[in-house]
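What follows is a set of structures to go through.
Two complexes come next, and they have one chain in common, chain A, joined by chain B in the first and chain C in the second.
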Partner chain A sequence: MTRAFSSAPLGRALQAAAPFVLAVAIGAIVLAATGHEPLSVYRLMIVEAFGDERRIAATLTAATPLLLTGLAAAIAFRAGIFNVGAEGCFYLGGMAAAIVGYALSDWPGALSIPLALLAASLVGGVWLIGPGLLRARFGVDEVVTTLMLNFIAIDLTSWLVNGPLLARGSANSATPPIGASAELPRLLPPSTLHLGFLISLALVIGYGFWSRISVAGFRSRLVGLNPRFSRAVGIEPMRVFLSMMVASGVIGGLAGGIHTLGLVHRFVAGFSPGYGFTGVAIALLARNSAIGVALAAILFGALSSAGANIQLFSNVPIEIVEILQGAVMIFAVAQLGFGWARRRAAA
Partner chain B sequence: MIDLFLHAAILMTTPILLAAIGGLVNRIGGIVNLGLESMMLAGALVAVEVSSATGSVSLALVAAAAIGALVGLAMTLVITRLRANEIIVGLGFSVAVAGLVRFLLKSAYGVSGTYSPPGVAMLPRIDIPVLDSVPILGAVFSRQDPLTWLAWALVPVVGFALARTRWGLRLRATGAAETTVRAVGLAPLTIRDASTVFAGALAGLAGAHLSIGVVGLFNEGITGGRGFIALAAFYFGRSSPARTALGALLFGFFDAAQIRLQGHGVPAELVQTLPYIIVIVVLTGLGVADRRAARERAL
Partner chain C sequence: MISDARVEVRLGARQLTRKFGSVVANDRVDFSVAPGTIHAVVGGNGAGKSTLMRILQGVDSPDAGSVILDDQPVRLTGPADAYARGIGMVHQEFMLAPPLTLLENLILAREPVVRGGLIDWRAAQAEADRLAKIAGVEIDWRRRVADSPVHVRQILEILRLLYRGADVLILDEPTAVLAPLQIDELLRLMRKLKAEGRTIVFISHKLEEVMSVADAITVMRAGRVVTSTTPDKTSREALTQAVIGDAALEPRVEPRARRPGAPVFVAHGLVGVDALGVKRLGPIDLDICSGEILGVAGVAGNGQDELVECAAGLAAPAAGEIAFAGEDMTRASTARFRAAGVGYLSADRAQEGLCLTASIRDNFVAGRERDPAFSRFGVLRLAAIAERAQRAMDRLSVRYGRLADPAGSLSGGNQQRLAFARELERDPKLLVAAQPTRGVDIGGTAFIHARIAALRDRGAAILLISESLDEILALSDRVVVLYNGRIVGKLGREEASVERVGRMMLGQEAA
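Then we have the complex of A and B:
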C-alpha cells in the first residue's frame, strides 16, 4: 500500500541518508577545527570498521545491542508511542539476566540461558506497563515519564550493584559473574561476536514480516497514523498503545539480557553507554523499517567499534562518535518534523 | 550542623533554580527544553576556562551565559525553523554537547574527565554583617554567592514579568495560541526563540555556579543530571515561578540530604530517584485532573 504511493526508491534512500550526511559534515567541522584531517579520519574509521573479518566481527558485536534498542524504539514509534525508555529497560534487563545467570550457575545452559533472557524481557515489559497505562488511560505524556523512568532504573541498578549485589571482594561496582554455562556461545572465536547477534537479527527480521504482513502489525501502523480513524473502524487505540509500549519494554529488557549473557557476563556500573538513546536515533533514521533498523544499527556499531580503535591509533578522541550520534538524532527529526509519517501517507 | 546543612541545601538549589526558571519561561513560550543539561555543561566548561584565563569572575559569568544562549539559539532554530520534535532535538543536544565537551577536553586540553586549570577565580561570597552570627538566618542568607541572590531575585521578577508586562503576555500567548499571535502581527517563532535563548543563558549560569561557585574545576559529570532535575522542578511548578522555586528548593534539599544520609545507611542512589518519581506523580495528577475536567465539560 505504501509502496504504490511513495516516491522513487532512490529519492527515499537519499532522504533517509540526509541526516547522517549532515551529521558527518558537522563531525568534519569539529575534526577540522581541532586540527585533525576529517577525510583521513573518516577513511581510517571505515577501514577500522570493515577492513577485515576480525574488524567486521567487532562491528557486528557492537551492533548487537543497538539492533534491539533500535527495534524497541521502532516498534513503539510506529504505533505513535514516543517511548524513550529503552535505556532503563536495558539496565534492568541486564541486571535481571546477571542475577538469574549467577543464581543458576550449576544449571545447563539450555535451561539457564532461556530463563535469564525471559527474566530480562519480563522486567523490561513490566517496567513500561506504568507509562503505557498512564498514556492510554489519562493521556500522560509518555516521553517524559519514560525518560524519568530511565534515570530511576539507572539509579536503582546502581544501588543494587553497589550494595546488595556487589560481588564479594570486588573493588569496582560489579555483580558476581554468571555461570560459564549461561554465557551465550561465541560465533567466531577469538572475536567476541556471540549468538546474541543472530538472535537480535532474527528478531529484527521477524519485526519486518510482522509489520508488513500481519493483521496486528497493520493495526499498530494504523493507530500510529491516525488513532481517531482507527477507533472509527473498530480498533481500540488505547489497547494498541499499551501493548506496543510493553512490547517495546520487553525488547529493551531482552537487549540488556543478551548484552549480559553474550558480552559482559555480569552487571557492572555504567552498563550501557546510552544504547537506549542510540536506539532512538536508529529508529528515527530508519523510519521504523526493519531493513533500516538493521542498517542503521550496523552503521552505529561500526562507528563505536571504529571510534575505539582510532582513539588508539590516531589520537582522535572516541567522543567523535557521540557527536555524530547526537547530530543524527537532531537532523533525523529536522525539516520533515515529527509528522513525516502522516504527510508521506497523505501524499 | 543544621546550619551547615541549610547552607549546603541553598547552595545546591541555585543551579537547579536558575535552569528551572529558564525552562519555565521556555515552556510557557511553547518549548519543553530537554537541552538544559547540555547548556549547563557548556556554561560550566566555559566559566572555568574564562575564569582561569582572565581571572575575572564577571567575564566568566558573561561567557557562560553567552555560550548557554548560543547552544539555546542553535537548538531553538532547529525546533522552530526546521520544525523538528523538541524532545528528540533536546535529547540529541544532550548527547552531542556531552560528546563535544569530552572531545574538546581530550583534543584541546589533553585531559580526560576533569579539567582543572590554575588560577580559577571563584564566585565571591556575600557576608551580611549582623545576620551572619544569627544561627539559622545566617546560614540561609549570609555567605551566599551572587548567582544565588540572582536566582531568587528572578522568581518574583519573572512572575511579575509573565503576569503583568507586555512581553509576558506575548510570551504566554505564543505558547497558548500561536495563530492568534501571528494574526495580530507578531512573530511567534521569534518570541519562542527568544525564550529558548533566555533559558540557555540561565542554564549557562547554572553551569557556571557548579564549576566556579562550588568546586573550582570542570568535570564531565559536573552537571549530574541537574538539567533534568530542573525539568522536574518546572513540571512540578507548572506555570508558576514560585511553585517552581519550591520544587527546586525541594530537590536542592534532596541533593544536600543524600550526602548526609549516606553516612546513616540510606543509599544515595535511592534518594536520587525522588525527583524523577515526583515528576511522574505530578504528571499523573495533572492527567487525571484533565480527564476529570474534560468529563465534566462533556456532561
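Then we have the complex of A and C:
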C-alpha cells in the first residue's frame, strides 16, 4: 500500500509513464521482428506527430475529442463510478449538435454554436441519468448499464441518420451539413485545428482546479476513496454518484457536439472510431489527473495523426501503429487491476 | 477418525503464550480437552479466548509454549494442517457462499467426482443425507444459503466440518446469533455429536447453556486461565465471579457537575435489525439528556451495533421512533443527523471512522467542507482549513508529519485522536462514541476520557458504547445494560459496580 501511494513526484511520474514505456518496448520488438529499424521508425513517428506547425496542428486536432472523452471518464472514475458510456454520449451529442446546427443555419454563430453545444451536453447528461439512478438507488453495476447504453446510442443514431434525418439526395448515411455560421472557427488555417481544442483544453484545466479546490471536487474524491466513511461524516454518496455520472455524460455529449461543429460539420454513421473507449484508457493512464488527461490525450492524438501519415513515407504498415496504441491501452488498463480492487474494497 | 480411547488430551495447550506488542493475549495458558467431551471456554471481551482458538486451529502460532494434540506437543503449520489432524472450526462470521445451495456449500472444495471431472451429485446427496441423519436434523439441501435461516447455516457449517472429516469441532460463540428455540436445537446437536464420539470446544458468554451442555469448563480472564472446572463442581454464581474477577477500577472521571438538562435524544420502541434482517435490538426505550454520559454495557453482539447505527443515523430503525432535539428523525438521512448536531466516533476506525488514504487535513475537514469557515461560493479555503486542522491537531496532541500525509501514516492512537478532533470541532449536541479507546494505549485512553467528560460538561449528551466494562464505569453518569437486544438493567453511577453490571451483562440479574 505504501508503495502504491508513494508521494514522491518522481516515483509517481515513473509509475504513470510505465505503460507507455512498456508499449514502446513491445512496439520495438514487433518492428524488429517484422524487419524494420525500430529507432528510425520511432524517429519518423515523432517527426510526423510534432515535426512542424502543420503536423502539430494535426496532432492537436486528433487530440481534441480525446481531451473531453478522457475528462468524461476521469470525472466519473474519481468518484468511484466506472462509467464507460462516454462513447454513446459522444454519438448522441454529435447528433444533437448536427440537428441544432442545421436547424439554426440562418442564425448567427454567437447564438447557434452555444445552443448546439448546450443541446449536445444536455442529451449526454440525460442519457446517463438512468445508469446513475440505478447505481445510486439499487447498486446496479454501472459498467454493464453504461456499456449496453453505448450500443443503443450508436444504433439509435445510426437508424436516425439512415432514415428520418438522412440528407436529401445523399448516398451516404449523413445528416445535412450544419450552417457555415455554426462551424467552430479554425485556429491555424489551412489546418483543421479548431476552437474546440481550446474549449476542451480549458475544460480540462478547469477540471484540474475543480478537483483540487472546490467543495464538489473534494466530496467526489472522498466518495471515490471511501463511500462508507463519506456517508458517516454526512456526505451523501448516492447524490455524488448520480451527479458525477451526469457530469460525465454532459462532458461526453459536449465532446460529440464539438466534434460535429469543429471538424465533421454534420453527423455521419460511424461518427466515432471509439473516442469514448480511448477516453477510458486515457483516464486510467492519467489516474484521473488533469495534467495526465491532457498529456495522454495528446499522446493518443499523436499516435493517430502520425499513424495516418507514416505509411505514406515508409513501408511501415499502419497496423504497427495500431498495435502500439493497443499496447499502451493494455498497459493502461493493467493499472485497472489496482483501481478495481480498491473500488471493490471500498464498496 | 474417532480418537484413540487411550488418549487423555485430544486437543490442548501447554504454557502457551502469545503477545501482540505489549499486550499479552495469552499468558502461559494450560488447556486440555478430553476426547469425546464438550468443553466450554468462558470469559469476557479481550479475555484471550479467540486468540487461543485461532492458535488451536493453526491460524496463528504461539510465541512460547505449544499446542497439544493427542497428548503430543505439535507445531501446526496452518488451518489446513489442523484440518488434516481432524480439527475444524466454525467462526462467528459464517464462511458460506450465499448464492449456492446448501448441498453445494457442503461439498465445496471437496467435491466427490466421477470420471471426467464431473461432480458425482448422487454421492454428494447420499453423504449429505448420512450426515443429516447422524446429526438428527432435517435439511432441505436444495435451498440456497441466501434463503436459509441463520440456524440452518450454522448447522450446515457444523455438518461441513463433519463432511471434511473433523472430529474436533471448535465453535466460536455458536449461540450468539440464535433464538432460544434454535439454541435448544443446537445444544441437542452438540450432545448428539458427543454421543457419536466427537469432541467439541465451544466459546460462550451464556452461562446457563454452558452449565447445561458442557462436561468441562475453562474460564479465561485477561489472557490467563483462571478456573478449570466441571458443572457439578461449580455454580453459575461462581462462574460469574470468575469471569468478572475482582478487577480494580480505573480512576473515574469526575461525575457531572450539574444536573442533566433536557433529553436530547429520545428513542421509543426502537428495534434494530442486522444486515441479514435478523432482529438484534429491541424494542427498547432510551433517552439521553444534555450534560450526561450514558454508558451502554453488554457483551459484544447484544444489539450494540444496531443501537449505534440508529443513534448515528446510519440505518433507519426497523420499528419505533427516534427524536433528536425535539424533532422526529426516525427516517432522516445520515447527513441530516450530522447537520442537526450528531457526532459519531466509529468503532471501525480504518473503514468508517477515517479515510486512511486521504490526507490528515481532508479527514479533519470531511463533512464540514460546506461550512462558511472552510469554503466560500463552493471553493475551499485551503489556508483556513490547514490552519484550523493544525490547531485542532495540536489541541489533541496528535503526532503527525505533515497535514498532507495520509491518515493511514498515523499510529492507531493518533488516528483515533484525529477522528476525535474532527468530531469535537463540530461541537456536537450528541456524541455517539463507539469503542472510543479501542486500540489506544493507557495514556491516550485517559486523555480521550478527559475530553469526553469535558464535552459533557459543556452540555453535550454522550452515548458511550464500549466492550470494556472498566471504560463504561469510568465515564458513565448512567449505565444501561443490553442483553439479547433488550435493556436488562438501568443503573445510576453510584449503583453501577463491576459486579452488578457484570452479572447483568451475563444475563444473571434483572434490575
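Rule of thumb we're sticking to: the second predicted complex is superposed on the first by the 324 of 347 C-alpha atoms of A that agree within 3 Å, B and C clash if a C-alpha of one lies under 4 Å from a C-alpha of the other, contacts with A are read in each partner's own complex, and residues count from 1 in each chain.
As a convention for this text, a contact is a pair of C-beta atoms (placed from the backbone, for glycine too) under 8 Å apart; a residue touches a chain by one contact, two chains touch by 3 or more.
Keep in mind that what you see is a predicted model, and the values were worked out from it rather than measured.
**Student:** If we overlay the two complexes on their shared chain A, which of chain B and chain C does A:30 touch? Say first, second, both or neither.
**Tutor:** first
**Student:** Is A:110 touching the first partner chain B, the second partner chain C, both, or neither of them?
**Tutor:** neither
**Student:** Under the stated touch criterion, which partner chain does A:284 make contact with: chain B (first), chain C (second), both, or neither?
**Tutor:** It touches chain B, and chain C stays clear.
**Student:** Who wins on chain A residues touched, chain B or chain C?
**Tutor:** B
**Student:** So, does A:213 touch the first partner chain B, the second partner chain C, both, or neither?
**Tutor:** Only chain C is touched by A:213; chain B is not.
**Student:** Considering only touches as defined above, state whether A:234 meets chain B (first), chain C (second), both or neither.
**Tutor:** The answer is second: A:234 touches chain C but not chain B.
**Student:** Touching chain B in one complex and chain C in the other: list those residues of chain A.
**Tutor:** none
**Student:** Provide the residue numbers of chain A that touch chain C in the complex, in ascending order.
**Tutor:** Residues 1, 5, 7, 213-216, 218-219, 221-222, 225-226, 228-236 of chain A touch chain C in their complex.
**Student:** Please output the residues of chain A touching chain B within their complex, sorted ascending.
**Tutor:** Residue list for chain A touching chain B: 30, 34-36, 82, 84, 130, 134, 137-141, 143-145, 147-149, 151-152, 155-156, 158-159, 162-163, 274, 277, 280-281, 284, 316-317, 319-323, 325-330, 332-338.
**Student:** Quick check: in the complex, which residue numbers of chain B touch chain A?
**Tutor:** These residues of chain B touch chain A: 32, 34, 78, 82-85, 87-89, 91-100, 102-104, 106-108, 225, 228, 231-232, 235, 267, 269-270, 272-273, 276-277, 279-280, 283-284, 286-288, 290-291.
**Student:** Show which residues of chain C lie in contact with chain A when the two form their complex.
**Tutor:** 312, 314, 333-335, 337-339, 344, 346, 351-358, 362, 365-367, 369-370, 375, 378-380, 382, 404-406, 408, 422
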